[in-house]
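Order of writing sets the labels: A, B, C, D, E and F. Residues in every chain begin at 1.
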Amino acid sequence: MIEEISARFPYWAIAVLLVVGLYGMMGKRSLVKQVIGLSIFQSAIILFFISGSLLEGATIPILYSVHGEGHANPDDFVNPLPHVLMLTAIVVGVAIIGVALSFLVSIYREFGTLDERELLDDVRE
Amino acid sequence: MNDRYDSVILHFIARVFLVPLILVFGVYVLLHGELSPGGGFQAGAIVAAALLLVRLALGNRQAALRIPQGLLIWLACIGLGIYMFGGILPLILGYNFLDYAPIPVDWYNQFAGEARTARSMGILIIEIGVFFGVAAVLVLIYDLVAGSSRQ
Amino acid sequence: MIWWLELSLFGLLVVAALIALSVRDMIAAVATLSVYSFLAAVLLALMGAVDVALTEAALGAGVTGVFLIGAISVVERRTPD
Amino acid sequence: MDPQPQLPVFIVGAPLLFSVIVPVLGRIWRHSAFLLALATVAVAAVASALSLELVLRKEPFSYHLGGWAPPVGIEYVIDEVSAFVCVVITSVSFLVLVSTRRWAEREAGDRPGVFYGLVLLLLAGLTGIVVTGDLFNLFVFLEIASLAAYALVFIGGRKAMLAGFRYLIIGSIGGALYLLGVGFIYFATGTLNMIEARELLEGTPSTRAAQVGAVFIFAGLGLKMALVPMHLWLPDAYEHAPSSVNSLIAPVMTKVAAYAMLRMFLSVFPAGFLSGTVPIADALLILGLIGIVFGSVAAAGQSDIRRMLAYSSISQLAFIAVGIGLGSPLALAAALLHVANHAAMKATLFLAAASVRLRVGLQRTHNLAGLGPRMPLTMGAFAIGSVAMIGIPPTAGFFSKWYMAQAGVDEGQWVVVAVVLFSSLLTAVYLFKVLEQVYLRPAKPEPSAHGDDERDASADAAPRPELAMRPVVERAREAPFDVWLPLVVLAAATVVLGVINVVIMDHVLLPGVS
Amino acid sequence: MSGTVVSGLPLLAVLVPTVAALLAALTTGRWPNLRDVWATVAGIAMVAITVILLVETLDGHIHRTVLLELSLGINSPGINIALRADPAGMIFGLLVSVLWVLAGVYAVGYMRGEHERKQTRFFVAFALSIAAAAGVALAENLLTFILFYELLSLFTYPLVTHRETETALVAGRKYLAYTLSGGIMLIGAAAWLHVLGVDTTFRAGGFLEGVNLDSVTQWALFALLAGGVGVKAAVMPLHSWLPSAMVAPTPVSALLHAVAVVKAGVFGMVRVGVFVFGAALLDDMGAWLVLAIMSAATLIIASILALRHDNLKRRLAYSTISHLSYIVLGVALIGPLALTGALLHIVGHGVTKITLFFVAGAIHVRTHKENVSELDGIGRQMPVTMGSFALASLSMVGIPPFILFTSKWYLGWGAVEVGQQAFLIVYLVSGLLAAGYLFPIVIRAFLRSSPDHTRYGEADIRMVAPIALTAVLALVWGIAPDLPLGFFELASTVADAAFPPSVALAGVTP
Amino acid sequence: MKVLMFEFLAVLIALLIWASADLPDRADPEAPANQHLSPDLTRLTESDVVIPNLVSAILADFRSYDTLGETFVIFTAGLAVVLVLQRSRRVREEENPDE
């Protein structure tokens, strides 16, 4: 039981984080909160990928053998591919948030509020 | 964050101590990306973070490291241009896009006294491109988002 | 890795996420979000992803936070929910 | 290593490279932005056409980026289907760009370079999605295209701001869900290459993880392609986006998402995988059928012409989803044919609507009465586009319906046949509503006096002083040459596509999907 | 001596009106007369082409144009778009081309007389409709047929709504809804047939003959196909668009009800009955009975409804519905004589009904009267016009020696031939009813005196001449159906090909 | 609406947890992700690229095209922000030229 939990709980925690982020995006009235939800959602995905890249008894993916002696055993390192993917994903996330914030500022200047309900009322008039 | 914090210590630390340190660290991260954790992204992010911290600490208008937006766009374009150059150079030399194998590296090894392979040379080139692109764009975004309030 | 350490970090992450979403003061929310990102970076480093951790710390905790603060300095600080 | 044909690089690379150059040069010399962008799109179009020719002459090929063979590296998969879709996207974009220049220069404000840079990035993202053979790479280019699209939609004025933000949030959820799905697939198979993933998925029993991954991938792409019930962002975004943008985004953007979904069917998930415990194919089919009906009915209830066209897009995309859901080669080929058809038809319709906006400044259908004779070419193109949408032979729309009906009969899905066929009646309902107004009703004496349209138009017309004194329909003139010529070419293309459909089906699409 | 000749003539027959439409559109406004010249020249050219085709067809040379013939790499016959001048098609094609010339001339007079707006659009749509009708006539296979059938619906839509009044628009919507639904049914059936791998080239005796299908499929296909063409053939209960479409200008009504649309429907019924299913299959299935009962019911009901309408055009519309069902019933009776009669009836009804509509239009132009009850004494003021009306009425009722007598004779005889005397009675009753709704008009026109004393006089010569000509044609073809254009020979050729046991006259089995 | 959203979220979390039972065990050397590509990547880095940092090697060489795309994402964001904010500034200046 404990073993099962210890092997699975990161996935469950990540599932919770995903849902919390999604809730922030869908259920919050404040546009800023929606952006925060987006950020949480994205980092949950990042954690998911990295969490899956673990390897028993492995170390960080730096090959000290390159300029030294001997050959590296792939089993000694955690899987580096998800790391690369997540680097990309983080940057993409920041880019999206940057754009979202510029939208927010622009909307605030136009409407004077960031409350979604007020905004919708304003547009419908 | 609109007010200027008239704190001498903050001013001093930010301007004289923290920022140069972070900048140096950023360049270190960039150049040692192949050896240790780091690379263009991280370096770009760190340098950008340094510049943004100054803006946060001192207020935008007074920031010493205020860079004109036109220049930032130029820098971003140059960074991406470097990256594209790293991709197109092999194309001109008859290899696939982004295939670093034909990149001439001997001149650099003689000049710097290292033993780089063509591929690691290619990696260095594009990391530099990424560095400029990321740093410039992040600063640009902040300047526009936060700076637009007090024109 | 010590699994209970990881567990507690994940727990903190969830708590931080909930706080970030429920605080009504935007600056506090953003600060919590930075804490969240930093915790995530620690977790990533623990899992062996040092590059990702570095980037998450710089971009997620640093730049995103600064962006948000910059944006909030332009817009209002209080939120409806 | 073997020298590979370098053509495919230019399809994506040229827009990427020039998206860097255009913003810089655009600051120095205003007009260079448009010209460079146009030239770049032309290069991409030529490169795609040559790639298609190469594929047809020889065989599908793969281009290894960075010289690393997949699965280690990333590959472009240039086969009949991807090359064909590239040709469609680039050529439609080319025509739309020419046509929308007048609006773009106004809507882009003092930064035409930035505007056209984003347009090129959008295009690069879309072509990148089409040609890539790597799951994660698809995500990256999806995000490039999406980010560019968010910003382009956002600059359409007051209402567009909210629509753009909503689009951003929902689009990001879509992208993130797709990424999550890719993660599941990666952990289930260990690869990111589409074709290899297919092989590995075929070998192993389908696990829950892989199936849920497929669900997320399809949910993500479904959000991007506005499949009912994930369509909520689309009507607002299309209605309020600037004219130059929605005529560009509407024909190609959602179509590429639909193509990506189709690609998942073709090269990632083996046959039978998607109708296992989690019946994704059936779900797509049902959602598609609902979407066809819903989109058409909703379109019939709209009075704003662009909103009507937006709902029509939902319906047409659902049609593509039905083709994917059916899953037989004929159905997939029909869906692909519809991708091309719909790109041409929707570009025609949106451009015509935009052209009306340019000349008249009105968007409500009931205010467009009597416009037909005033703008004969524009409205003629609109009429041809409508006829193609309804699916009257020999236009393009007929044949995609024809093949889809055949596929439905083939699979014994009679409901599909019925819905597909009767959707053309529903389409006729809302399009003839417009045609009736335009051609058969007399012009209203003072259409701008009707309150709702005035507010609607003035919101967008505010930055344009020359539209402030909107001429009424009676005084409308034909759109300028550079606006109507591409429009007429596109309208003709809908007919030509219909006439040569067998060639396309036989040599390009059917070999591509089987 | 028989054989297929590859030539461009059938295509030319379709292209001529199309080109005329284009020229008319281009020379709009500035030279309205030139526009009318185009229509006439094109009409004469089309007649010439169809006559050449006729001669060739009667010689057994079937001209054929392939526009597109490609097979897909899947289990279905490819997309073939081909035109072929076979005897059955020639009947319809000839009728269309001849009546187009007359209707074209008439339309010029009518449109000028009524000062209609947007005449160019009218003429363009008119010519395009003729092109589509020619395509329907000459279609070689089901897909080509559908293509032109749908185009016909589309091109006639602007004609129906030409007046642009609210009623016209409503009628237009109704018209579109009905015809597009019909087209959809046809498309569905065609797609199904293609999936089944059936070659859908029209073949006398039916291309489904010998195809192994279960009876559910057969019935479903029959329902889709017959329903699809039945909409345009206005078989009850699919008829209600037709009276509504009466709001259109009269040349359009003439075109819709005598030449293009409804005849395309009944012609489609001939195609479906004889060339798709074939006599043997219809007999096997028992589908003929369904068709026969429906059309017989339509025949009687429509005739009775016609009695009740005072509006002249509406009365003629119901008369049309009734007469279309004559043809459908003739097809349903699956006998060589009935089929000959049905084909002749297409021609006869076309030429007769167009006269009646022409007259209604001429009256409207001169007097703006639309109702039967207002027509007292009109015959004395417009003697040629109303004389033609009287001739056409005689033909309509089936008095020898008019053409509709000939066709009804064959139809009745055909009913007897297959042992269905009940339907002979239907024909006779309907003939009596026709007398009931047409003769009172003639009587009013000639025997009553006009209530007001306005002198109207004859209409424009461009209207009177076609009226007289069509009335005379109804008489001439009644006496000698073969005289100029060989309709009877064509019809009997078709009948012989469809019912092989009797020795073929020309031996045309495509 | 709110209820619908929570139901949707509940379904999502159930789906995720249901699927997680079938994911490879954490840190399992036999997992496909650890077996399939990463050994190749390690080997190729050592022989061809010759730099120690595996992540850098993959990021900038094997999957450099991804990184190109990613840099362009950032660039797109930059252009997007310029387009959005510069534009509205201009509009505002037109409205209040005194500022």
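Here is the rule we use: a contact is a pair of C-beta atoms (placed from the backbone, for glycine too) under 8 Å apart; a residue touches a chain by one contact, two chains touch by 3 or more.
Computed from a predicted structure; not experimentally measured.
Under the contact definition stated at the top, the chains bordering both subunit A and subunit E are D. Chain pairs A-F and D-E differ in how many C-beta pairs are in contact, and the one with more is A-F.
The chain with its Cα centre farthest from the Cα centre of subunit D is E. Each chain gets a centre from its C-alpha atoms; the one nearest the centre of all protein C-alpha atoms is D.
Subunit C and subunit D have CA centres that are 37 Å apart.
Look at where the CA atoms of subunit A average out and do the same for subunit D: the two points lie 29 Å apart. Averaged Cα coordinates give subunit A a centre that lies 23 Å from the centre of subunit B. Remark: subunit C and subunit F have CA centroids separated by 17 Å (rounded to whole angstrom). For subunit D, residues touching at least two other chains, in rising order: 16, 20, 23, 65-66, 68, 136, 140, 143, 147, 150-151, 154, 186-187, 192. In subunit A, the residues that reach two or more other chains under the touch definition are 10, 14, 16, 18, 22-23, 51-54, 58, 60-62, 81-83, 85, 87-88, 91-92, 94-96, 98-99, 101-106, 109-110.
Residue numbers of subunit E whose C-beta contacts span two or more other chains: none are found.
Remark: subunit B residues 70, 73-74, 77, 80-81, 84, 87-88, 90-91, 94-101 touch subunit D in the complex. On the subunit F side of its complex with subunit A, the touching residues are 2, 5, 9, 12-13, 16-17, 20-21, 23-29, 31, 33-34, 37-39, 41-43, 45-46, 50-55, 58-59, 63, 66-67, 69-71, 73-74, 76-78, 80-81, 84-85, 88, 92. For subunit A in complex with subunit D, the residues that touch the partner chain are 18, 22, 25, 31, 34, 38, 41-42, 45, 48-49, 52, 81-82, 85, 88-89, 92, 95-96, 99-100, 103-104, 106-107, 110-111, 119-120, 123.
The part of subunit D that touches subunit E in the complex is made up of residues 329-330, 373, 387, 390, 392-394, 398-399, 401-402, 405-406, 408-410, 417-418, 421-422, 424-425, 428, 432, 436, 439-442, 499, 501-503, 505-506, 510-511. Those residues of subunit D whose C-beta lies close enough to touch subunit F in the complex are 16, 19-20, 23, 65-66, 68, 71-74, 108-111, 114-115, 117-118, 121, 124-125, 128, 134, 136-137, 140-141, 143-144, 147-148, 150-152, 154-155, 184, 186-192, 200, 207-209, 211-213, 215, 463.
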